[in-house]
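Naming follows writing order (A, B and C), and every chain is counted from residue 1.
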Amino acid sequence: MMDLKGRDVISFRDFTREEILYLLSLSKEMEEKTHPDLLKGRVLALLFFEPSTRTRMSFESAMKLMGGEVISFADPGATSVVKGESLRDTVKIVAGYASAIVIRHFLEGAARLVADTVDVPVINAGDGSNQHPTQTFLDLYTIQKTKGTLEGLTVGFIGDLKYGRTVHSLTYALAHFNASMYFISPSALRMPSDLLDGLTKRGVKFKETTSLEEVSGKLDALYCTRIQKERFADPIEYGKVKDAYHLSKAALNQLDVKDDLKILHPLPRVEEMDESLDDTPYAVYFQQAHSGVPVREAILAAVLDVKERG
Amino acid sequence: MMDLKGRDVISFRDFTREEILYLLSLSKEMEEKTHPDLLKGRVLALLFFEPSTRTRMSFESAMKLMGGEVISFADPGATSVVKGESLRDTVKIVAGYASAIVIRHFLEGAARLVADTVDVPVINAGDGSNQHPTQTFLDLYTIQKTKGTLEGLTVGFIGDLKYGRTVHSLTYALAHFNASMYFISPSALRMPSDLLDGLTKRGVKFKETTSLEEVSGKLDALYCTRIQKERFADPIEYGKVKDAYHLSKAALNQLDVKDDLKILHPLPRVEEMDESLDDTPYAVYFQQAHSGVPVREAILAAVLDVKERG
Amino acid sequence: MMDLKGRDVISFRDFTREEILYLLSLSKEMEEKTHPDLLKGRVLALLFFEPSTRTRMSFESAMKLMGGEVISFADPGATSVVKGESLRDTVKIVAGYASAIVIRHFLEGAARLVADTVDVPVINAGDGSNQHPTQTFLDLYTIQKTKGTLEGLTVGFIGDLKYGRTVHSLTYALAHFNASMYFISPSALRMPSDLLDGLTKRGVKFKETTSLEEVSGKLDALYCTRIQKERFADPIEYGKVKDAYHLSKAALNQLDVKDDLKILHPLPRVEEMDESLDDTPYAVYFQQAHSGVPVREAILAAVLDVKERG
């Protein structure tokens, strides 16, 4: 039995391989049976200083499916923050109303600051472009579930690899499990070199390329991300990239991919991935989004120390 | 036992006379006794792309009184929609977080699109100026409750009959029950002719008039709606109409109405109906609003297949 | 057993000394043990026509910790109010959805109007600069808890005593308990003379001063409030006052205060109180904020007549 009671969930890097595997197995347990009284009498505070439908709603659903309650604000304009109150004061007060806090904030480091300020467990639901650890847990969970294992997979990452925090965090996570990686991006949006150095030090095999075609046949999973127009000074340059990295059923049929390739995407998608993909066996991104509920159930249950026991 | 499990509630026209009567009788059951554990462990998603206090709050209250839980957004600005996500993607994801979806959207047809996209039951809480079926159920419920029957009533409709979706839907509904109808409106805001044609085909007796006085003595119920200033190019024209169709206790006392006349209004009211009416025995519009809770309880219980029995 | 069933909580002045003591003792009971089913099946409506994080969230937490449910709006822009609906109509409708109503409104007297309009209990969560009775209950509760008694204390009030509704209400409350009071403020922000007259009539000993130093040694408790820049026509004048009334650990160490002095503040604080105070034994303002939950639990339980016994 792993003891995660009272733990903050700020960065995926705070977790060992064993803790990760434990939480994934607890997520599976959560998905397989209901437990409507597990968190009865517990109140979770959701503090969203920045909007996020899917993250907020899946945390709410997770807490409520376990019999817990939620208090929240989703509009910082409606808080004492507008009267000049410090984030520290706000969360110190909220900590008296709730058993745990989930925070999304537009500033990097905000979640860590909150965790250092209050005694209740704090879960980071995204701090600026920095960390979003529960997203990485659900990415891993989806890979494990749809591939049958996390060990020794060959995983491609495509799109904006420079700014995509979900990609950065997931590469770090997969390094625990002997993954080989292909980084497929326009040259302007390559993986940051310090992250590649980190992978090298951990003995991870990886290769960078600008062409999906070149590597598509080797992939067990492909993780897509949105390429944002704002990243390009030249709209013509963006236009080229957008077309080259657009995934569709037709485009995929041109490629030589494994039959059991699984395609993930953190969503929302806009132009980078066509709806025609949705009904192919490759597409697991909606399943991935739905995994947000059992994974967040597991994390909440673990840090509040009320785990189902088998 | 009527089986409505998994049914979408998009338009009132999707329901047979028998299904309508069944849901009204289930509403009565819901009003008469509490059932605090009926929907325990179920989560309802409320997606309001357009504001609506009373509809949203009565759905929430209905779900919670049956022990269920609610996740919601009431501000589309705080969702992935602003990042360009399609409505289809948004609801596919939310469908993984909840047992059913209630949607209000500013576009006609949005609710049907959602119902065609997801597997969970979808309830239309208003799509543009099109349908709002749970409103019609509560209108019918109120008429049935306050008149003792739905059969063979003479019902007047007054105000904006051209744009009022609640009126259109209720006339359709009452045609199931041998109603006679009077349509009282300024000539610019008459009932659309295709709807009148439909009533004729179904054998409904009706009459159009511009004067309440002319028909007031015949009515068992009078359904009022708001006349909106924006409908008139000429403010002088609006001013005349507004005064002619203003209901008050004094105005009503001038008329020869039945003692048991019941006056309904979907609310909110503004200038068309005076507070002086509120304490007359005619006024049932607040009772009508309150009926939103048991009626929505019945609909939720029916589509989630957890009905009280016996 | 005090019977407060169905009572509105509009102004602190509506409560007798005995009722106050009863609610404080019920608050203590609420704090000491959990009662997760006490309000099962009850729905509380929170109507916030003005933002307030801490009040709203602590009411929500209170209701939910007792097994009750909450429906709410926190954004009047998303309600029928924007369509011109009267406050009376809005609350008449909401009263049909809930067992009790909590209202915050920007207009003085709004809560009383609502209480006169509906049959369910109404709790005032702040009406303009007028009343905020549950705040006064939690202020009293904190003083009683941290001082061991409410009887015969010497209490200082510092800051904006002219506009601070929490100060006005608390002085009224403490007059029930033989308190002596010191009013410490810049001359432009002195206590209103009618309130001082009221204290005199009730036999309360008090003294006004501009200097904390002069009276600091006599105080059992010090209640601080924010001085708002907007109150001063001359920014230089504000600057002087701000510095003179700034509390910090260093400033306090210069004064001769009792060892068991307790410092309260309704929060949010901005510049008037330094974070350096937070870890001194004097600071009880976060504890005070946290008391919002048990105090509001007690008030909700009392007016809904579902009190723990024994």
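Quick note on the criterion: a contact is a pair of C-beta atoms (placed from the backbone, for glycine too) under 8 Å apart; a residue touches a chain by one contact, two chains touch by 3 or more.
These figures come from a predicted structure and were not determined experimentally.
Q: So chain B and chain C: same face meeting same face, with over half the numbers shared, or different?
A: Chain B vs chain C: different; shared/all numbers falls short of half.
Q: What rotation angle superposes the Cα atoms of chain A onto chain B, in degrees to the nearest 5?
A: 120
Q: Could you put a whole-Å number on the gap between the CA centroids of chain B and chain C?
A: For chain B versus chain C, the centre distance works out to 41 Å.
Q: Among the residues of chain C, which are close enough to touch at least two other chains?
A: 75
Q: For chain A, which residues are in contact with chain B within the complex?
A: Listed in rising order, the residues of chain A that touch chain B are 34, 36, 51, 53-54, 57-58, 60-61, 64-65, 74-75, 267-270, 275, 286-287, 289-290, 292-293.
Q: Under the stated contact criterion, what part of chain C meets chain B in this complex?
A: Its residues touching chain B are 40-41, 43, 45, 69, 71, 73, 75, 77-80, 82-86, 88-90, 92-94, 96-98.
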